[in-house]
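Next, two complexes with chain A in common: one pairs it with chain B, the other with chain C.
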Partner chain A sequence: MGAGLRTWLNVLVLSFSFVIIIWHRGILDGWNHQAEVDTINWEIGGGIYWHEKYDPYDPFTLTDSHGPVPYQLKKEINAGNLEPILISQATIYPDGHMQTVLLKGIDPEQMILALPTAPLDTMINEIPAVIGTRMAKSIKLKTGDYMTVRWRDVNGVFDAADIRIVGVFKTNVPSVDNGQIWLPLDRLQKMMQMPDEATIIVAAKEVSEPILTSSWEFKDHDFLLSDLTEMIRSKSIGGSIMYIILLLLAMLAIFDTQVLSIFRRQREIGTHMALGMTRGQVIRLFTVEGAMHGILAALIAAIYGIPFLYWQSVAGLSMPAGTDDMGMAVAEKILPVYSVGLVISTTLIVLIVVTIVSFLPTRRIAKMNPTEAIKGKVI
Partner chain B sequence: MFFRKVIITIIVLFSNQVFAQDISANEILKKIDANLSADNQVISSKMVIHGKRGDRTVESKSWTEGTEKSFTEYLAPARDKGTKMLKLGDQLWMYSPGTDRTIQISGHMLRQSVMGSDLSYEDMMEDDKLHEVYDAVIAGRDTLENTVCWILELTATEKDLAYPKRKLWADQKRFIPLREELYAKSGTLLKRIDFKDVRSIDGRWYPTRMIFKDVLKEGQGTEFIVDDITFNQDIPAYIFSKASLKK
Partner chain C sequence: MDNSNIIQIENMWKQFPMGGGKFTALENINLTFGKGEFAGLVGPSGSGKTTLLNIIGSLDVPTKGSTIILDKSISDLTHKEAAQLRNHHLGFIFQTYNLLPVYTVFENVEYPLLLLDYTSDERHKAVLDALEWVGLSDKEKSRPAQLSGGESQRVAIARAMVKRPEIVLADEPTANLDAENSHHILQMMEKLNKELETTFIFATHDEKVIKYIRRKISLLDGKIEKDEHLEMGDRRPETGDGRPETGGRA
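Right after this comes the complex of A and B.
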């Protein structure tokens, strides 16, 4: 407090660091949480059985990655605990241009994924299809529109037919939307000449003991969400640069204040030592004084930070349009999640850093001669 | 005298009719294959791609042996110069001088168009002799560019042919297709090829300009112009090796 206005400036900047670190990490945790929940609800359910040749990152594998649904899983499929999906490639001609798309066949009555597949359960001459809003925008189609699709069946024979869009859904998960057309499973199986076959089989709930089959491999949440976790982690590293800079500014100010304080209070230090305090005790005294900045900053941060962070957790942070086109699930509004661990760890980090920074300049005290210090001679 | 002329005319007309009826659709296909196929051929050609932003011309030279082996080197424009393609059986490799790398084209890439044209890599690879893989019937007669044609309807005899149905307008005199339409299994028309500028080369009739049109796609299609073609040459075996891609 001895440094007056300078102290308050230090405390204010430090309190900003507190609030911004907690807010930023809360946003990332909220984003991560929302992305995980959305991905589970829309795409991966409780885990997925992949056909042994299926590799979503290698389109070359799509031609061969299909097979009969294994009999061991049929009971679970009939019970509604598993949902087979057939995936194949096709070509569409939006605006007269050729575009490769993925056709995905799913049971219209499925309840496992949040995809609104019910409209597929209709009797029309064309093939009924549902698409996401991103796909609808890119191919300029809306509900009720028609489009010709060309594909090659399991024997490589060309076939073509009209599809009719019976529904357009909005989702935060681009990986079930971009470049994809959802059709009734039985229609796609017939089109591709692949009766009773699938590419992936999605589980309703998390499977602790997957059913072992010869040509299907079970992929759990850890595996399927690893990309998402990795992406959030890299975002977190990128974002932390901002609060590291803020923290550095605060630390520089504290360091500077401590140096000035030791210079101005030489006589006091000399007197302390003359009265019998060891150098270590004096260093501790000044370090604690410096560290008090951190505690004061935490209190100030609490005064304006708690209402701000609370308001954010209710109102959320609106993401700019198009953010979710980057390939990962991003909600329109991200609600930050603040955990107790987050608040405690942030407070501890800031306090430890403040203490270290407060301690560094006080090492000068160790070099001081008490007599010279009392005289006020410059060190 | 008058009766003699009438009788002769009737005989001539009748004999023409008999000749026309006599030849079966499959024999017509064989004759067409005989015109278009050779043990090997070397072609210098231009591919004119009519796009929305204007035309683009790609020049190339190809060496082909039977239906299994083919090697193409692109000569122009500058950005495609040096690109080479090798087809061996059902495999296709492409060498790009820019990256100095050879890649195998397979899976969905085979369905992409070749250099933005109306031809896919798959189309380029499919060159079976028609009479070996299709069963034909004469569905009618038509006149295309003042030439009387048979309309042949072709149905695939093998279940893994890309186009299960084709319609072919065959020149009744020269046994050359003047138009071909390729259909999907559902009967949807997918592609149309018009064969023009038929010339007699080495004792056979050969169309030297072909216009390919993907009918589902907008645009004027792609023209394939044969500048020079020679049949049954001595092509060294090394041409059809992967090593020749980098030469």
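Right after this comes the complex of A and C.
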């Protein structure tokens, strides 16, 4: 293969890496962004006051992690800026099986979360409940169906009642769906004999100065979303292998091009030295030349990459069925988001890598004898 | 050291390692060159011409003895100092021209000046002067691939001369040229030698070159056999101004 063709192929592979890295990271950022937006809309609002004993990873703490809504927050709650939610454990018996669930009490008139709670505002004998599609599927119930629920109230006394499903909602956020049943707050407070109590209190807008009260702690977005970000990062490692391979391939190609060009251009190197260049200057010259491959690749990547990336950001990437069960918010379609920082950092990383890879073979120049180089055995 | 000597070589040896032993390429060389000389190292293949030229050019170092170029001892220079010496004071002309293929004629000639502290205006003027000396003012935008052998070598001469070095070293400059072109470039170098008082040292076994040189240093098996100053009578009279259009004397 001619050196020219080979160089172009190498530059092309490098440009692929460019586009795929940016695309892949754009998908991750888009995914992250979409998951954050969904989580905020459906679950965490502008942040949450947690009861000091509340631990979402340990349902057994639920018996203790509730308390009266502090009077300092009452005004905000009445203004619709805060929404108390009471959480407790219960057992249901859908067609004879036993299953532990979380009962979550919420005001049917709340406007803070995207949860469609309005159907809970109904006068029926049974306890009205809404559930998500995942839950509906797992317990095989639909709107209008009944089931028995059994719970222990604040005194540890068992009680049971019938629940009637008044609505099924579809959400991208599994953590407000899986294993959960949403009830009117006042009904749950009555069932548990915990009048005016809550486990968490969700804020409508981001709270810059949380109101300090004893036994309640404010958790902000940074805290509540950190798990999510971590999860997306860990789930996406498989995807990054692809671009690591491409980048390695491109690095190998650049390295090979450099080795070849230094070998072929010995006479030129000798000439540079005869004309008074120091070895350091010749090394710099060849390193810069190699690094130019990176810049060339960036330009080529821009030519076909920008239309492709733009199309993706409009059309979106359809997520395969099954990603629903990943335990995090996944929309059916993810729109990649390309930030300036993403493009600049990717470009910088690739250019730095290319420069280092271009530099390595030039150390051979330092060992060259100018008189031998000028003879230029090759060519 | 005698101030009129810009090159002073004393008891200089050059040996190359070879199969466990050593091969002596230059043996006890004693030579001095003054300013403005037009000299040739002459001898059969393998006699050590290129080796001697490379040492004078600070591209290589002697094994023994001293070689002093413009008051600097070649053996004692660091790589950087040697590069600086070449950069400021020495010009090279090669048998194979060795132009940088991606640059234009102008850029090739400008190149050595980029390594020196010339301003852009100074560079421009110096390059145009140098191209005029070699009669290639109209080719400044051409690339090396578009030039004939004779033209390429004239560009190489312009490149060697553009910074007006004290010494120009030319290794077989005519070996790839036909008779007519050889005479052209020799006339050109002779003219520059006179006008700028540049010292020229050739390594050659080309009779055409020998007709021009004023000092003939004969090498044989790494030793100086003869060192003769040639009579003007040995040489044919000057013709014209050395421009290529005037034709050669083949």
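Keep this in mind: the second predicted complex is superposed on the first by the 364 of 379 C-alpha atoms of A that agree within 3 Å, B and C clash if a C-alpha of one lies under 4 Å from a C-alpha of the other, contacts with A are read in each partner's own complex, and residues count from 1 in each chain.
Convention: a contact is a pair of C-beta atoms (placed from the backbone, for glycine too) under 8 Å apart; a residue touches a chain by one contact, two chains touch by 3 or more.
Note that the structure is predicted; figures quoted are calculated from it, not measured.
Undergrad: Based on the shared chain A superposition, would you classify chain B and chain C as clashing or fitting together?
TA: fit
Undergrad: Using the superposition on chain A described above, determine whether A:I344 touches chain B (first), chain C (second), both, or neither.
TA: neither
Undergrad: With the two structures laid over each other on chain A, which partner does A:Y93 touch: chain B (first), chain C (second), both, or neither?
TA: first
Undergrad: Quick check on the superposed pair: does A:T63 touch chain B, chain C, both, or neither? Answer first, second, both or neither.
TA: First partner only.
Undergrad: Contacts for A:N155 in the overlay, against chain B (first) and chain C (second): which applies, first, second, both or neither?
TA: A:N155 contacts chain B only, not chain C.
Undergrad: Once the two structures are placed together by chain A, how many degrees is the angle at chain A between chain B and chain C, based on Cα centres and rounded to a multiple of 10?
TA: Nearest-10 rounding gives 150 degrees.
Undergrad: Determine, under the contact definition given at the top, whether A:M111 touches first (chain B), second (chain C), both, or neither.
TA: The answer is neither, since A:M111 touches no partner chain.
Undergrad: Have a look at where A:P370 lands relative to chain B and chain C in the superposition and call it first, second, both or neither.
TA: second
Undergrad: With both complexes overlaid on chain A, does A:A274 touch chain B (first), chain C (second), both or neither?
TA: In the superposition, A:A274 contacts chain C only.
Undergrad: If you take every C-alpha pair with one atom in chain B and one in chain C, what is the shortest distance in Å after superposing?
TA: Superposed model gives a least chain B-chain C C-alpha distance of 72 Å.
Undergrad: Is there a shared patch on chain A that both chain B and chain C touch, and which residues make it up?
TA: Dual-contact residues (chain A): none.
Undergrad: Within the complex, which stretch of chain A touches chain B?
TA: Of all residues in chain A, those touching chain B are 59-63, 89, 91, 93, 95-98, 100, 148, 150, 152-153, 155-161.
Undergrad: Give every residue of chain C touching chain A within the complex, in rising order.
TA: These residues of chain C touch chain A: 50, 54, 57, 59-60, 79-80, 83-84, 86-88, 90, 92, 94, 96, 98, 100, 111-112, 115, 159.
Undergrad: Provide the residue numbers of chain B that touch chain A in the complex, in ascending order.
TA: 106-109, 111-113, 156, 159-164, 182, 184-186, 188, 190, 214, 216-219
Undergrad: Touching residues of chain A toward chain C in the complex: what are they?
TA: That would be residues 267-268, 270-271, 273-281, 369-371, 374, 376 of chain A.
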